[in-house]
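Next come the structures, one after another.
Shared between the two complexes below is chain A, which has chain B as its partner in the first and chain C in the second.
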Partner chain A sequence: MTNSYAKDQTELKWKSVSTRRVKDKVANALSFVVLGTMIVILISIFIYVLNAGATHITWKILSTFGNTSSGGVLNAIVGTWMLVGMGLVFSLPPSLLGALYIVNAKSNGTISSAARLFTDVLTSVPSIVIGLFAYLVLVIRYHMGFSLIAGGLALSVMMLPYLLRIIEISFKNIPKEQIENAYALGADDIRVASRIYLPQAKVGILSGILLAVSISAGETAQLIYSAGFNNALPTGFLHSQVAYLTYVVWTGINEPTTYSHDLAFVSAMILVLSVTALILISKYIVRRK
Partner chain B sequence: MKTSNKFFNFLTLLMAAVPAVVLISIIVFVVYYSIPSIKYNGISFFTTYLWNPGFQFQAPIIRHGVPAPAGSSFGLDLFLLGTLSTSALAIFIAFPVSFLVSLNVELYLPARIKKFVVSMIELFAGIPSVVYGLWGIIVLEPLLFNNIEPWMAQHLSFIPGFKGEIYSGAGLIASGIILSFMITPIVTSVIVNSFDTVPKEVKDGLFSLGATKWEVGKYLITRYSRASTVGGTLLGIGRALGETMAVLMVSGAVTNVLPSNLYSATNTMAAAIASLLDSAFTDSTGMNLAALAELAMVLMLIALAASVIGRKIAGRGALRGYESD
Partner chain C sequence: MEEKSVEKVEKVIEIEKLKIKTKNKVILDRVDLNIFRNNVNTIVGPSGSGKSTLLRSLNRLLEMDPAMEVTGDILFEKRNIRDFDPVELRREIGLVFQKPNPFPMSVYDNVAFGLRIQGKKLKREEMDKVIVQALEDADLYEELGGNLKQMGTSLSGGQQQRLCIARALVLRPKVLMLDEPTSALDPIAKGKIVDLIRSLKQKYTVVLVTHDMNLTRKVSDYTNLIYDGKFVAKGTGTEFFESKIEEVKDFLSEAD
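The block that comes next holds the complex of A and B.
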């Protein structure tokens, strides 16, 4: 103890004020350069994709159906939102009600923390494992075929833990007194859920939905072997394949014709724009509150 | 208690169990479908690097009571090596960058700009992986092939692995760089969040003793949030291990050829599942599918271990990824 104190004392003696200031300046400059480089690189990727999309975009690409080497990407645009919507249909009810169970003080504590643990672990299942699971179990075992339902279910596996955690956090931000008062006045759980939890956490839930939508719109690996691809719109929920934008990007860029590349660039631009817009809107509504 | 309320409570309990049911059924089904491969390949699945779907038009051979196409071979070594090396390179780039960026954001940037920069970093975490892959193919690969890799091969050839033939730009370096772009925003976001939890009083106390900002960072902030820094890094590694599409696009997706140097094409477990599943459909014995399921099982084990350990170290809350509440 005394030794290290003495050592500190000697260190302080030979470290003059000016060297310490210089060190501070160097750290500032170095980390600033790294920050700047990172932002420049990321923005340049962003601008490159937007620019590549903007130079190749035509009305025909936006307004017609097609595959990855001819026609347009309208089927992929619509299909993406159909899949995301389907994923939301499957993942929103369990995440809302599950979060209500987790935050309810009268719930079994062990079950609540187990539910939280499983939610966290589910987030880190690699997307291709979800994709393989969807293919083996949904598409083959339960005979759904490549379809809107199989793709939506595969996406919902990824959306569920995100949504549940964000909704749980926004429920937890509600003042405890308000909930206790409601119970003290004789409200039951349904009333507390519908009159306090849902209205108070409205903004948090909405921003969570927007984030989950933005993430799942950019997913590919879950969908390759569950949604398939379609040159037109799907005709039903089962056994009818669906097109989506990330597939066009992935396949288009690997095809030899320049027109396929154009389709890939335009799809990438649409993806980046919609994802960015969704994240910005979600941040905006949270901040405005 | 009213029946409707009882029913409602039961319903919420059921729904809270959905994540557990989903996770357990993924694990159970993936293990179930890999049983034929576990029986057929045994330990050789982990000791060979050759992956061969076999001949579909010959009579299947039977080993340990399980049929498989003649001439087939399933070994994960090449994919495991690729997964580990690309993730290692990614974290080797992403960790120092994230750490320095977080320090700068926390200590030196004015509060207003800090908020803006953090939001921007979080925005980049949301860019789809195929978009990074697209950029990798069109911009990064030619750059590596024409400029960077020839320079490295010429000037750094004294380092083992840096000498040799340049493949096409696609490979370990391209995959590592793209992965590092994808995980840097996530790791940075976690580290900034944990830096923010340092109590202001302690920070102010240190400043009032005459410490420079760098000293506050070095002696207080980084030590205070060491656990969540490690946890966030592990979370980033977990992401990198499981990333599929971007790596599939820039790795070269090679099979049966071990990398001979840093510039060789590579492949990862996740990318291999995505690219080999197509041809596995045609195998009438189902062994190709079973082998891919076993590959998925191993990948899932590694990725879950990384993230569970990361969460254990950092504690819940710090690891919210980029969805800041």
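The block that comes next holds the complex of A and C.
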């Protein structure tokens, strides 16, 4: 009886081991297929966009202003970075202050939790809704018109949650003892922020900025409702529309001329290359740290 | 046992009925304790008995934690610490933490940190002199061979601890609090800290928190036992170790 029991146990054990191995292999294979599919799709998009853009790129397109059916995309390239820069101006200071508030031990826990919840919700708000809000409130209610300020503010709403979360994580990575040491040496909150938090989290802050910039450079929906489009560069911060690359991609491809399609492909290529470069730079910076 | 021995020594800090608690737990319960000028005042007790919490309450660092509720009085030079600006108070009562934690900057900048955050504009030669003096007081200058450009984080554990002491000393505090300064050190580094503590009391009032009774025997002038959040006994030098109080005897037998 003992032998039979031991045999049964051994068989059960082997069955269980072999079932686990099969499950493990199936799960691995599925993961591999999903990952492989994603990589293939990504590389296909990358190659397609680069190929289409490189085929049609000319010096004239890169160096002249245009209107999505004629001329070039220089106004859209410059306008994109002006909008992104303006978005950063509006989103970086509140992100830094918000992250400092959240990590400060003296802060009210309820307010910190509410801030986190608010940023999580903000991340999931569709960009078209942010655009509509920007249009109704900034463009119409506050008479900003389609402009750099309205576009920058609309972009900043999208940048803020990313920046806040990444900066908060960077601050939290600073050893707690160093913060306490600074306070124990007689530093006040402002000195602790300027001498400990900011210098030590600068790499994290920079990578957060690059990520937020790369995401927002590819946005269209908020800008359609807030920045409009301009055949040249904006002449001021308010009531002067701004061109941007995603608009050229969106409009150019819908127009019936081959040249418009060329402009769309070139714009798409510039966007993909810029965003890839920014992501690679941020990864390099983080790795160097 | 303590009254006769200390009646003529000046009290720098007087703690009266200090109670520290969180929502669910009493950490210190009605503690009365005095810190005497130019002496090594040691607070001993088992881990978790509230020694470090007591230190953090003396320079109001405990206020950083909103969960802590503090009642009772702490007088620093006869003035309630609640009447001090916390930033000013922390410059008067320096604190060196258990784990040496230099800032990721040069030895020079580490020591200069406290002066710079105070906005003190010293001339370069004057600043150099003050920093060298603090490092000499912390018995570190000679050992570094004058190389103050090296990173503070690249020093050995014992050197880092003495760098943290120098960083506190440069502000010329009246009281220097050391929280378990030898707990993370090897015997040689420990020996240097013992010598350093002995020399520091010439210029400073030292408050030492430790559960290392060997260290206490070697350096302590006044020893206070905190047991389970309550102040139990105090005594000068050898008196403490010969105490007949049950908790002291229990603690000493466990600690040894």
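Simple rule for what comes next: the second predicted complex is superposed on the first by the 258 of 289 C-alpha atoms of A that agree within 3 Å, B and C clash if a C-alpha of one lies under 4 Å from a C-alpha of the other, contacts with A are read in each partner's own complex, and residues count from 1 in each chain.
Criterion: contacts are C-beta pairs under 8 Å (C-beta built on N, C-alpha and C of every residue); 3 or more make two chains touch, one makes a residue touch a chain.
For clarity, every value in this text was computed on a predicted model and none was experimentally measured.
Asker: Looking only at chain A, is it chain B or chain C that touches more of its residues?
Answerer: B
Asker: Between chain B (first) and chain C (second), which does A:185 come into contact with in this model arrangement: first, second, both, or neither?
Answerer: In the superposition, A:185 contacts chain C only.
Asker: Could you tell me if A:219 is touching chain B, chain C, both of them or neither one (first, second, both, neither)?
Answerer: It touches chain B, and chain C stays clear.
Asker: First (chain B), second (chain C), both or neither: which does A:175 touch?
Answerer: second
Asker: Let me test your reading of the model: by the given contact rule, A:48 touches which partner, first (chain B), second (chain C), both or neither?
Answerer: The answer is first: A:48 touches chain B but not chain C.
Asker: Using the superposition on A, tell me which residues of chain A are in contact with chain B and, in the other complex, with chain C.
Answerer: Shared contact residues on chain A (touching chain B in one complex, chain C in the other): 188.
Asker: Inside the complex, what are the residues of chain A that reach chain B?
Answerer: Within the complex, chain A contacts chain B at residues 20-21, 23-24, 27-28, 30-32, 34-35, 38-39, 41-42, 45-46, 48-49, 52, 93-102, 104, 107, 111-112, 114-116, 118-133, 135-137, 157, 160-162, 164-166, 169-170, 173, 188-190, 193, 204, 208, 211, 214-215, 217-221, 224-225, 246, 249-250, 253-254, 264-265, 268, 271-272, 275-276, 279-280, 283, 286.
Asker: Going by the contact rule at the top, pick out the chain C residues touching chain A in the complex.
Answerer: 59, 61, 63-66, 87-88, 90-91, 94-95, 97, 99, 101, 103-104, 113-114, 116-118, 164, 167-168, 171
Asker: Considering only the defined contacts, which chain B positions touch chain A in the complex?
Answerer: Where chain B meets chain A, its residues are 1-2, 4-5, 8-9, 11-20, 22-23, 25-26, 29-30, 33, 96-97, 100-101, 103-105, 107-108, 117, 119-120, 122-124, 126-135, 137-139, 181, 184-185, 212-215, 217, 235, 238, 241-245, 248-249, 270, 273-274, 277, 289, 292-293, 296, 299-300, 303-304, 306-308, 311, 316, 320-321, 323, 325.
Asker: Which residues of chain A touch chain C once you look at their complex with the stated criterion?
Answerer: Within the complex, chain A contacts chain C at residues 105-106, 108-109, 175, 177-178, 180-188, 191, 195-196, 200.
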